[in-house]
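In the part that follows, the structures are each spelled out as structure tokens.
Below are two complexes that have chain A in common, paired first with chain B and then with chain C.
And now, the complex of A and B:
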């Protein structure tokens, strides 16, 4: 009965109520959005690499190396020599190693030069293996494996012929069109940057650059695809390599050896630790974002209370009439509280729906641009706690207008003013 | 769009980038800071501790007075007890090997050339532990801050069966957990 009355009464003041609902929706959107993206980004980053003990690259900041080698964000400052790679990968404590060579692209997707060890030893999530959805790993020089997202977006099947572009610009002017690659396999989706990349052998990377110098093809000295195979296709340098050890006991000493290596400026990072240090660094920023979104939401709930309080003046008569026809003062208290909660709940519904829609429409962009894989379901036990908190705050802020309704309804409303 | 995300991230990298210096290699040496590495594999735990000497004894030159000599002996004696460095909440472990290198006791260190001074000296300690069940080690605490007021921050890095992690300890927070 009171609920019906409350809804009818709100309907009567559609415009102000709609605006209040919208402002609450914005607050809810912000709070849940910040919380969701923060936790999803963390889990997305953390599940990208698993079981890799060390990542080794040219000496740079650990974060920088992690971002370009695993997440394909940013670029390497320097390459490392093949010789150093050989030296470290053959150490007795090293169980396996995966070389990585970056710098080329295919229609905006990164091309990663690597070895077949990548498909065998690279793990993501909870130590999950890479799986082929169709086809097989590359074998020959001009063979390529594409990630799930690449295959889906460009509609590739095994057997497709593709051309790699020099550099990472979306519209590459310098193409390696004289040496096309054949897609031999498509990886199953992983929800990591692996989905967004094209994998070829290191020899393939070497072959397409064999007649290049200083970033352009040398005119009049082009070497055909077949002829290139006759050359030595051992790379001179690679961008980075990942290492798995036989025993973790040797991890810190190997890392020290790499970091103190005198022949080349190398750095070895432990991906899990680097990520954790990243979270420690951005932790303060996260807290500020969260604080801001909580404050915004609080301000909108204050607005709700203000709106109800302001409406009390114009509703004096309505309240008095309700009392006159027999409504208890307590009913009026609950009427206002219910109005406040109806507005808040509607705001929460609108806000979370908008958030779901926003996540749905931007997730492709997020995964392509930033390698961030965000789920579209923002609801976790924590968000329900937040929502309950919002309702509690809205209830207590609505006490003010409710008590005013309880107290003043009869006295002030029925007095005939002249 | 991309740069909005990258710039804050990349600027973070600037704080942590070691510079390029082959053959003129110098290790970082920050007074007040120390490094603690822990590796857990099966039932073996390896602990490595490295700190500038000044944090433990207050000076980095060879002891010149008896008081300084005493400080040095005291520090070495304390380091001999792995419980000072780390103690585990759970899990029974016993030390199988302790190796402590004080700042002035490696004889093989070449004498500084004339005119050049060795400016820094460090303590290095490694401990091997054998545990009944290393998987139950939950939280780990250190008593280094109680015994040596010279420490400001200790960077802990650990590697276990489930992954890697790190923690930054100071005299307010001396406990971290290994999951």
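And now, the complex of A and C:
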């Protein structure tokens, strides 16, 4: 009965109630959104690479190396020589290695020069293998494999002819259009940056740059696609390489060896440890974001309490009528509390729905622009704890107007004194 | 219902808003027999509303005893007082008797629910509105859409729905014009007579006195207390 009364009374004050509901919805949206993205970003990042013991690149910050080699964020400052790669990949403790050569793109997607070992040894998530949805790995120089998202967005099938662009700008001005590639395979979706990349052989990368120097085509020295095959297509340098070891015991000694390598300035990083360093850096920012969103929500709940308290004056008549027909002062207390909870629950529903819609619409953008793979379901057991907490805070803050209603109805008489 | 000699029995009642303040109301003795219709008049600010709050059990006297229908209101708990009011006392205010956001029917039903009576069928509400000269079509309308005269009659209907033994009316006609006022008085007193309901009617308008069995001035009621004490 009191619930029905509360809803009818709220409906009577649609405008202020709607505004309050919206402000709570914004607070809920912010809190759940920050919480969701921070946990999803973490899991998205940590599942991107699995089973790789070391990543080796030219000497730079470990984080930078991890970001450009695995997440395709940012650029390498320097390359490493093919000799160094050969030397380390042939060490007895190394089980497998995957060379990576970056710097070209296709319609905004990164092109990764690598070897067929990539498809065999690269793992993501819970040590999952890469799987071909259709076609096969590249074999020839002018063959390419595309990630699931690339194929989906550009509607590619095996047999499609593509041209690569020099550099990684979305609109490339210099194109390698004299040496088109044929798509031979499409990878199954992984939910990692692998989906957003085009894979070609190192020889392919070498071939398209054979008549280039310093980022521009050398005039009057163009070499056709067929002619290029006659040249030696062994790369002179690569961007980085990933290493898998036979035994973890040799991990630290090999890392030390790489870091102390005399012929070239190299750095070897353990992806897991570098990710942890990343979380430590991002952690402080995350906490601030979370704190802000909690404070915003608290402020909106204070606004709810203020709104109810301010309405008590104009509702004295309503309260007097209820008292006259036999409502207990306690019923008036619960009436106000229930109004607060109804507003809060509505706010939560509106905020969560808005969040789901927002996640659904920005998902593609987040994965393409930032390599973040965010699930669209923001509800976890933790979320429900948050929501219960919101209700508890709402109840506590609404105690003020509720107790005021209770006391007024006890302290004043039957008639409202104006 | 237990037997009682007086519908209303006040003994040495005094009330003050704060313990240290002088009492705003003092009545040595006031008794009203069941079924009587009492007209209580007094200037505004003379303590009429406080008296009605005490009789309806919303306020409790600072000292003294108030027995309504044989029940000493101060001796039962707050919850019991509220239930007692819902069942045995019908209250009509000057105006704004109804919750504006509920339909007329819902307003009346609310009183039934607070009275913890078995849910009345809708017919009895409709019959009551007929008897009060209201069109049945207004039952579905929102209280805020009614004229003041209609609202006051609905207030009577709500006050009567639980068949109370006592009706308390606080200036219920002050916002009505003379025609609707006479009609309102007729409807109220006829309905009350039907169940031999005691009526305590408060107004500053002495011209209404001829409708009642007895006219009392609150001033005299309090004076009597002064002389006795």
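One rule holds for everything that comes next: the second predicted complex is superposed on the first by the 409 of 418 C-alpha atoms of A that agree within 3 Å, B and C clash if a C-alpha of one lies under 4 Å from a C-alpha of the other, contacts with A are read in each partner's own complex, and residues count from 1 in each chain.
Here is the rule we use: contacts are C-beta pairs under 8 Å (C-beta built on N, C-alpha and C of every residue); 3 or more make two chains touch, one makes a residue touch a chain.
Since the structure is predicted, the reported quantities are computational estimates derived from the model, not experimental observations.
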item: First (chain B), second (chain C), both or neither touched by A:82; value: neither
item: Residue contacts on chain A - larger count, chain B or chain C; value: B
item: Touched partner set for A:249, first chain B, second chain C, both or neither; value: first
item: Partner chain(s) touched by A:317 [first = chain B, second = chain C, both, neither]; value: second
item: First, second, both or neither for A:272, with chain B first and chain C second; value: first
item: Chain B versus chain C as contact partner of A:325, first or second or both or neither; value: second
item: First, second, both or neither for A:59, with chain B first and chain C second; value: first
item: Which superposed partner A:132 touches (first chain B, second chain C, both, neither); value: neither
item: Touching residues (chain side chain A, partner chain C) in the complex; value: 1, 5, 8-9, 11-12, 317-318, 320-330, 410, 413-415, 417
item: Residues of chain B defined as touching chain A within the complex; value: 1-2, 5-6, 8-10, 12-23, 25, 27, 37, 39-41, 44, 46, 48, 157, 159, 163-166, 168
item: List of chain A residues in touch with chain B within their complex; value: 50, 53, 59-64, 67, 73-74, 247-249, 251-252, 259-260, 262-265, 267, 270-273, 276-278, 280-282, 285, 369-370
item: Parts of chain C lying in touch with chain A, wherever the complex brings them together; value: 49-50, 52-53, 56, 58-59, 78-79, 82-83, 85-87, 91, 93-94, 96-102, 106, 110-111, 113-115, 158, 170
